[in-house]
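Heads up, the next two complexes both have chain A, just with different partners, chain B and then chain C.
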Partner chain A sequence: MLKIIGLKTSFGETEILRGIDLELDERESIALVGESGAGKTTLGLSIMGLVSGSVSGEILFNGRNLLKISEDDFRNLRGKELAMVFQNTEDALDPVCRIDDQIAEAILVHHGQSRKNIKAAVLKLLMSVGLNENKALAYPHQLSGGERQRVLIAMALANDPDVLILDEPTASLDALTKADILKLFRSVINCRISLVITHDISMARALTQKMAVLYAGRIVEIGRTEEMVTNPRHPYTRGLIRSYPGMTTTRDLQGIPGRMAQGLDGCPFHERCTQAIEICNCLVPQLREIDERLIACHRGGIVPLLEIRNLGMSFDSCSVLRGVSLTLFEGETLALVGESGSGKTTLSKIIMGLFEQDSGEILLEGQNVNKRDASFYRRVQMIFQNPKESVSHRMNVLDTVMEPLNVQKMGSKEERQRAAKEALRHVELSNDSDFLKKYPHQLSGGEVQRVAIARALALSPKLLIADEPTSALDPSVQAKILKLLMNLQEKMGLAILFVTHDIALARKVSDRMAVMLKGQIVETGATNEVLSHPQHPYTRRLVECAAAASLGMETGESQEESMAANNFKIKAEDFIIGKRPILKIEDY
Partner chain B sequence: MHINPMRELFFDPLARIGLVMLAAIFLMAAFAPLLCANSPDDYTGQIFMRPSSGHLLGTDSMGQDIWSRLLYGARTSLAVAVAVAVLSASLSVFIGATSALMGGLYETFWMRVVDALTSIPTIIVMILVAAYLRPSLMLLILLLSAFFWPGGARIVRSQSLSLIERMHISAALTFGSGRRQILANHILPDLSPIVFAMMIQDARRAVFMEAGLAFLGVSDPTMISWGKMMHQALAFTYLDVWQWWLLPTGLALSLTLMGLSFIGFSLETAMNPRLKGNLLRREG
Partner chain C sequence: MNREQNSRTSILNYIIALAVIFALNFILPRMMPGDPLHAIYGDEALVAMTPQMEASLIREFALDRSWTDQLLAYVINLLHCDLGFSYYYRTQVSSVIMGALPWTLLLTGLALIIATALGIILGIESGWQRGATLDRCLVAGLMFLSGFPDFFVGIILLLIFGVSLNMAPLSGAVTPYAGLKGLDYLLDALMHLILPLASLVAVQLGAVYLLTRNTIVTLLGESFILTARAKGCSDLCIKYSHAGRNCLLPVTTATGLRIPHLFTGALFIEIIFSYPGLGSLLNSALDARDYPLIQGILLIVTIAVLTANLLVDLLYKRLDPRVKYAH
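Moving on, here comes the complex of A and B:
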């Protein structure tokens, strides 16, 4: 087994690894992911004893500290017990040596065998990595990238090592070759400790059981790969997964704002983190176990911003919401979908305090929301469905955007004006004095909605409830406004409850999705999961209809046909050719 | 839809006529001392003089200059109109809007008061009050306001109730606005055209009531009033004096009332699109 305790590596003044703790059992495979510069390769090289800088801490391999043993002993281990497949297939092979000689060398160093035996062993190795024996006599430049990669794997496997480190093994390969190589990897890493260094999340998912996320020389999250990918809990992990284009990704790609800075005080990620608190910039968080996951975060990973528990509400005898429970995490978009009348808007109005619930509770940042005071509204804002109605026609643009600031008595008048102009800049509206003096009826629908969004953003809320924010807009403006919201989410860590009936739209903007039917949440989950494997029949129907509509097809008959279609059926024979067509509606 | 009724006034021919009429009366009142040589309270010693260059409309039965009494009478009418309009509209807005916002017992109380007040006949109470208290201009204004506000309060309350349901007020609530802020930032601005129309209406009724009460003799005897002038003139209709005593006074009163009516009518049309005739009429 391999155990790493407090590993620090530095090149001169610059520290690359700042205390890595990692434990791997027999046959365990782990993916090391993170942006470039996070120290992934340095970690691999440190284990191999190949870094030129100074290394401190402990690397225990089968009970021996690799950092304490002599170079000769290490050389015996290297290539025999510990092997690495290097990143760059162009440079890792000697261009003037034949392939078979290069592989033979790897064996010869550790076993003093006869040439003949070796030749057989080399051919066997080449076969096992899927290469023809006639390639054995080729020079590296005569091989394709995929073949060279296979040769490198063969070399690494030459002595059947216990620990195998793969450094970006498929970075330069095309999809087909990559699939072949992946298959090979899967059989190769089966019976040994393996570390897969990659930014390819789907490869990590295919190969490894565990995943460790590195950031600026520290591990920020470790857990089971599958769970980490579907449910990242550290803000950085989520950022990585959001920026990774997978075939099932439905949401637009999103980056992580800012750049990785080395040598920061406190949590290495705090400058780019949207949920950082004071402690984050002075104390380094230690990895600790939170719900079967190791997370290094002072806040215990991504915090739940809004929790709704068992919410019930009825208008007189008509019950609108029944036992609704939802959790919305910091910086994520939760799409609330369902047909009209399912209680979506009622739910958002209850959250905002415009209606009062009959039962259940609402928690904001872990605190029960009983009385909504000014500080509640500073954190939670709402964008209403119809911009022409939600913006007073008697207020000009500046007054409208400044209203929440005035109500909340934020700073001096100049500061408020500056904040309002800043909010307008965010939504890409002009903030020259001509525009500021315009009234809603002088603006287009899209502009008014953007003013409404600027108004909701003026207080820099943590949670934004967007009730069909784009239903009144044309597709081009809609796209712009959604992009804008996503950008703001990226920049400010805004959590968005996106209420819509448009599945196609929800698919593009949300991380998670909750499907609502007759006042109940019937299904929640990651958006791509819900859309690709809908569990509830209603969700299936919704997805089917949305898909059919966008492909211009008719949907098949279903038991749950809409009421209108059930009540009124138009008979085909009522349309008689040559006569004036008469629509006859029969009430069934 | 964004309608600015004040702006529409200048495009409506009817309202323009009304404005011109009112402006004439207003100028008469404002420049009264410049427009006549005599003081309205001076006695010339000669009664029933025919119009002359010294006395444009001659003198009345007391030997006072009719022209100057006509000019100063405009002051009384307009003062009553403005004071009653402002006072009663303020009461209407305050009680109507707060009732709508507060609801509950407060609202029930005020709405019952409104019901009660609207059911009392104004003139009878005015005569009774005059019998107990010495009639004065201030008392007249207070009483008229007390009788005029309930109607307005009803309108303001119902309008506020419908405004409260509007989305932009919900939006304002989500910024953490309190009742006072909702009232000041959203309800009052939206009420302003209605309040303006209400004030015009109240002013018209106040002018009419003041003249009417003075005509009946229920007013301060030292006050110069068109109503009183007409009452006095009616006693001498067998003489020629009615031509320059009764007629000009009636004309001035009619002009004021019609001016206010026209503006009120035009405002109502502007605010209620269903009353709007064809577009041509408005754009003329």
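Moving on, here comes the complex of A and C:
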């Protein structure tokens, strides 16, 4: 059992680890992830007693505090009970010693044994890591990167250690070698405590049960690996996962704005966090358990910005929305997809207060929205499908962008002008006086939509509802507008409710997806999950049609079906997940 | 290419170098203006030479025949270890040189071994505790010492230990006419050796030490040292069998390059201590303008340096498995 309490490591004045608490039971494996400089390797080295800086706190291994024992005792544990595989396979082996001698040394240091026994043991170890016997006499430079990695693993396993630390074990390997090495790791990891230091989320997922995210020397989130990856709850964890290119990632990669700063007051992440509040920059958040996950965040992780509960709405007797529930988190894009008439636009108009719901409630930042006053519109803004219609043709660019500021009576006229120009700069439009005086008919479609976006952004809202914002634009302008929105989201933490019927588009811009059918949400989930494993038959068909359309294929069958769907009302409840859909045809 | 082929190639290179030196030794006197015999033996020798002697020399070098015959005669002479006749010592040059060579080899060989071994050990210890008092003192002291020319250190040592303290003999390799035998003879030789050896070592030591120390400092930051520590190796094992072993590579190269310098250093030291080696011999040969002897000594020294370099090359390949070809 390995227990780390309040571990602090510093090199001179700089503190690298600022109080790490971690507990690992036997056979438990944990992934340590985080950006470079977060302190992952230092944590590994601290456990091994190999850091040159000063270490304080407690590292309890089988009840002994490793920081209190003598150097000789520690040396006896190293390589025997605690082993580490280092990241740089290029120089991690002594260049002038033969492989077998280096492995033999690992055993000889701890067990006095005869040469002959050792030789047999070394060969056995080499075989166990998948290396040929004839490699035993080779020198490191005669081996490939993968083979060197295997030798390092053999050395670490030589004395069957209780704790195994793997530091970026596959960083320099190609995909095929990596897959082989991963297989090897999986077999060696499960009978001991293992710490896997990595940037590679997919490796963490493949190897470990738990995951700890390190930031600037502190753990910000710990939980089960699978859940952490599919549902990150700390904004930093989400940032890491968003920037990791997986094979199923559909959205464009997004970085985390800013860079890691050491020694900040308060939450270490607050400078880069888009949901930081006042307390974040003066008080360090402690790890606390929130819904079976340990999170160090004053706001309890990523906050739900918009919650819709059981919303119902009907026009006369025709019910348009039935029991719609949705949650939109800070800084994420939720794509609301579905065919025309499924109630997407109605839903977004209800959120904006353009329609009144019949039942259910809407919560913004945890508060029930009863009346939509100025403060509501300061936080929620909308952009519409057709910019030519949504921007008044009698207002010039400056007046258009300043209008919401005027309505909110924000500051003096100069301040409003400055804010408007700033918003125009954000959407990458010129803000010279000639342009400011132009009218919509003098601008291109893309420019007008940018003006509309600038108008929505002028108030720095937290939530943007985008109803088919690019369907009236040509693909190149559409691409630019979407890139713009994504950049703004990265910078300002804007949450976007992206209403569209275009699955291919939703795939590229959204983190999560909600599929609507006949006024009901039939499926929600991470976009890549929904698209690669659609659960609901309707989703499956949507995805198939989108895929076929983008490949230019005839979709004879589904075309028929969609015609049928127009003619007959399909009851969503009758779709049963995993079974053949049963279509009920009502009298129509 | 495999290892054996490599060794063979590098030995071949040395043989070519040697052949070039022999060829130069053959060509140069014959390229000089005037009579080759004149060029080989110099003015004074010719004046002192009897006609019979001159005739026998001309016969020996085949100077009256074609250059192919001359070359053949030269090669045959070399194969017989015949480097010519020293008119000053009135005997064969080869036997004069053979009388002096062992003393020089003893002096330079021991100086090389001691300076290298001591330099490496001090370098490792000092690099291991970089920045500590021991390290600082060693760096400062040895840098100071290696700044002096060899003969200056020799003179200082001679003045202090030989003249003032009277702890060591002033000159020579053994006490003359003492008729010592066995262990006493060895001890006597050793006493005579100490001062010249010490001055050579003192000057040579600095370079080895500094190189080793700096190499160790860099090596200690390498990942494989961390790997060794993670295995649980003791400090001694890390210092010598990992870092030390790896620092041998640059140190060996540098040692190979320093050997000619060591020989020239020994020439001066021998003159100061009147040590009967090649240096003193060269000195008297220069005084007497005994050209065959001078030429012979230079040839021997060149061969010695080449051989030493060959050994270093072969050793380097043994030390570093990565080197396929040492050049």
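FYI, the second predicted complex is superposed on the first by the 558 of 588 C-alpha atoms of A that agree within 3 Å, B and C clash if a C-alpha of one lies under 4 Å from a C-alpha of the other, contacts with A are read in each partner's own complex, and residues count from 1 in each chain.
In this text, contacts are C-beta pairs under 8 Å (C-beta built on N, C-alpha and C of every residue); 3 or more make two chains touch, one makes a residue touch a chain.
Quick caveat, the model's predicted, so the values are computed rather than measured.
In the three-chain model built by superposing on chain A, chain B fits alongside chain C with no clash.
When the two structures are aligned on the shared chain, A:269 is found in touch with neither chain B nor chain C.
In the superposed model, A:391 lies in contact with chain B only, and not with chain C. Within the superposed three-chain model, A:404 lies in touch with chain B and out of touch with chain C [touch as defined at top].
In the overlay built on the shared chain, the residue A:329 is in contact with neither chain B nor chain C. Of the two partner chains, chain B is the only one touched by A:439; chain C is not.
Superposition on chain A leaves chain B and chain C with their closest Cα atoms 61 Å from each other.
Taken in their complex, chain A has these residues touching chain C: 48, 50, 75-80, 83-84, 86, 88, 90-98, 105-106, 109-110, 139, 141-142, 152, 155-156, 158. Looking at the complex, you find that chain B touches chain A at residues 1-2, 166-168, 170-177, 181, 185-186, 189-190. On the chain A side of its complex with chain B, the touching residues are 349, 352-354, 372-374, 376-378, 380-382, 384, 386, 389-395, 403-404, 407-408, 439-441, 452, 455, 459. Taken together, the chain C residues at the contact with chain A in this complex read 222-224, 226-234, 237, 242, 245-246, 249, 319-322.
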